[in-house]
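I'd like to ask some things about the structure below.
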């Protein structure tokens, strides 16, 4: 069993038009910038994939990573909790122009819906959003005298993930708070593609330290010195490098 | 005369007990962490998966994998723990946090809070606020007493889309400390220079009294 | 003449593909791990929180914190991972396992399985079986073709309390390999020495044919 | 903040009659034998606590640990998935004599109910047990063409937990498969009491390696060389040492 992939282009080759794609990260931490940029490269070369539904906590910042994916016109719908950032202009303009659909989900509900998708739980109840606009149209049930909203699982065709170490079996570790949504999305996608800073031999990751067991991972590609969205934005970067 | 955000944060910090687990909302509430009274050790939680983090690093020393919910860099402390988002919100939703201190657009005497949407125009963003208001054991709000236009933010009923129903129990405003008890605002502290009538005129619902009102005195910050 | 449990396990092992994630039920199904065909690497999951564990240690070398769901000692292998029970059953319920091979009291042509309760007397015990039958992508059963009293275990309908409804797709019995397709038993392989009529007489539901029936040939084990 | 406790007797002092107590472990691995035995000591000395509802995957083995707790007559009800073991005589006799109540729960559902209790999810849907006797009386709902059973959260007044390392803030690690139900039960109990093999200074546990963050823990007591149930049973041990 060898889940390692030779390069980024191969890693993103399976993503097709209209798929639902989960993208890990919280803001820039844990965002798989290189995988996203490889997907943009494919779109620039082939016109595909497009019409994507993207699940991420945010909506991109500046003109790299998720923001660049949106700016390239590849995203039809975004499912997120917080589409604001230091420089949200790419999403904001498209959203206000009606060019991109938004499903706003409270952050904890978003995390739990993704976990539920990975754990085979089609629905669960949460107190979150009860009595608010975000609960409209959702079933409400009272348990032990308190009202809860029924939320549904969230799954994806593919997840693009950033981890720290990975082995050929797909076992992963993360780096500090770059963990965030990444382990959950690994569980909830039919195909989970991970960029890691280093591919190590099986056993080099302490079995106690594995955060994502390999069963949740389909492909691992090494990206030795991954870019940080924050650094790119502070440098005024854009992707693709030749701006529109 | 009114309290600065730092002064409101200082006042809110005085109510945080030793050993409390605390989540501070993005923006001004983040300042509460700086004003922990000596001898008390609160442990701060951030939605993106850190418990027990330390203060901001010096400029240039940031690690962008070590940030808080406001995407600002933080630091490690002995005893810090990392976890994923589902575990993070298990802490929130499961009632394990002692206190959440959030910002507000509007607070109602019913305890309703509106802090995520200014209406149909613009881009809505909710983040973790809706989870926090129904998860933390105590939900407090830190806010200017009135809007930039001078309109009351403490109201009989919220006019903006709600974040949560009946969730807020204390408001640290720029002019007063007000509890919400049984669907009523109860004034606990006000700036000494401010008359009750003046405060009432800045407030969109009746300020009730339940015992003496203390002077809201904070250090220069 | 019939297959021993080891021989049934050998036969079941031949269907496990390279790279498959596999859960083996307590008891005889655990033997399947020993008979992986050369060149194939299956990864074994145990409900109590290990993925990719190795075979049993020598007697006296057990570590009782390193056990499988049957409480038998296992070993580490390069790439083993530990996790808690909720993550373990997320793997099961979430459809991440390729195969589960379980024991059976009864299997029905509908795919229903009974393997947890012999009725109201005695102490019922279900363990992880009910999760596995609705979680793994392929659920197979390894069982003697008949009970110790010679009664059929493959039936039109189960008489004992169900573990799961319509979940089993293949039976490795002591006498045959039988698929369950569209609510019918379809005979795929039988012991060469056994006539179809003899096998049918040991079976509590009609054995259908869908193409040729292969000889069930296994090594001496 | 210092959650360390001076001794086992202090650790179990808060458990009162009729409480629901979660006890970690899967069989003997991860079972907090010393905490259980301290609780038995208290019962022998004071007649309390009794009438306990115990949540554990199993029902004890031999005459130590959970089996001894049952044998002492302290347990009114057991919530578990698999009340069988190499030597289940203590539970079996009481159960068949109608002296102890049993709520049998599929193992994955038990784990998820406990997690739900800890995560503020009052109910969720699972395919597990659909169409079986264990689903009787439970609501069924169809999602995307498949039937699911509604299960409810499970919480406890107290959890007795075995971990490996712990610090004064309550951060914990576990040892191999002794992890099992322990981290979940930490989340689901109002008061979580943990025996650890070693108390270390905060920071000695790598922040990435913390399995249970301290927020889920109320008390930590050091038990340097914890007994393994399997070893005790192979030696024919009984608890209390003077058998009834």
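A, B, C and D label the chains in the order they appear, each numbered from 1.
In this section, a contact is a pair of C-beta atoms (placed from the backbone, for glycine too) under 8 Å apart; a residue touches a chain by one contact, two chains touch by 3 or more.
Everything quoted here is computed from the prediction, not taken from an experiment.
C-beta contact counts were set side by side for C-D and B-D; C-D has more. Taking each chain's centre as the mean of its C-alpha atoms, the one that lies farthest from the centre of chain B is C. Chain geometry summary: the mean Cα position of chain C and that of chain D are 29 Å apart.
Here the CA centre of chain B is 37 Å from the CA centre of chain D.
Centre-to-centre, using mean CA coordinates, chain B is 56 Å away from chain C. Among the residues of chain B, those touching two or more other chains are numbered 82-83, 86, 89, 92-93, 135. In chain D, the positions touching at least two other chains are 112, 115, 119-121, 126-127, 174, 176, 207-208, 211. Chain contact topology: the protein chains form a pattern that is neither a line, a ring, a star nor a complete graph.
Applying the touch definition to every pair of chains gives A-B, A-C, A-D, B-D, C-D.
Across the complex, chain D is touched by residues 18-19, 21, 41, 43, 45, 51-52, 76-83, 86-87, 89-97, 135 of chain B.
Residue ranges on chain A touching chain C, taken from their complex, read 1, 115, 117-121, 167, 169, 171, 187, 201-203, 207-208, 210, 213-216. In the complex of the two chains, the chain A residues touching chain B come out as 26-30, 57, 81-86, 88, 91-92, 95-96, 102, 104-112, 114-115, 126-134, 174-184, 211, 228-231.
The residues of chain A lying in touch with chain D in their complex are 112, 116, 119-127, 141, 143-144, 146, 148, 152, 173-174, 176, 207-209, 211. Interface residues of chain C facing chain D in the complex, by the touch rule stated above, are 46-50, 62-67, 71, 82-86, 88-89, 92-93, 117, 122-131, 134-135, 161-165.
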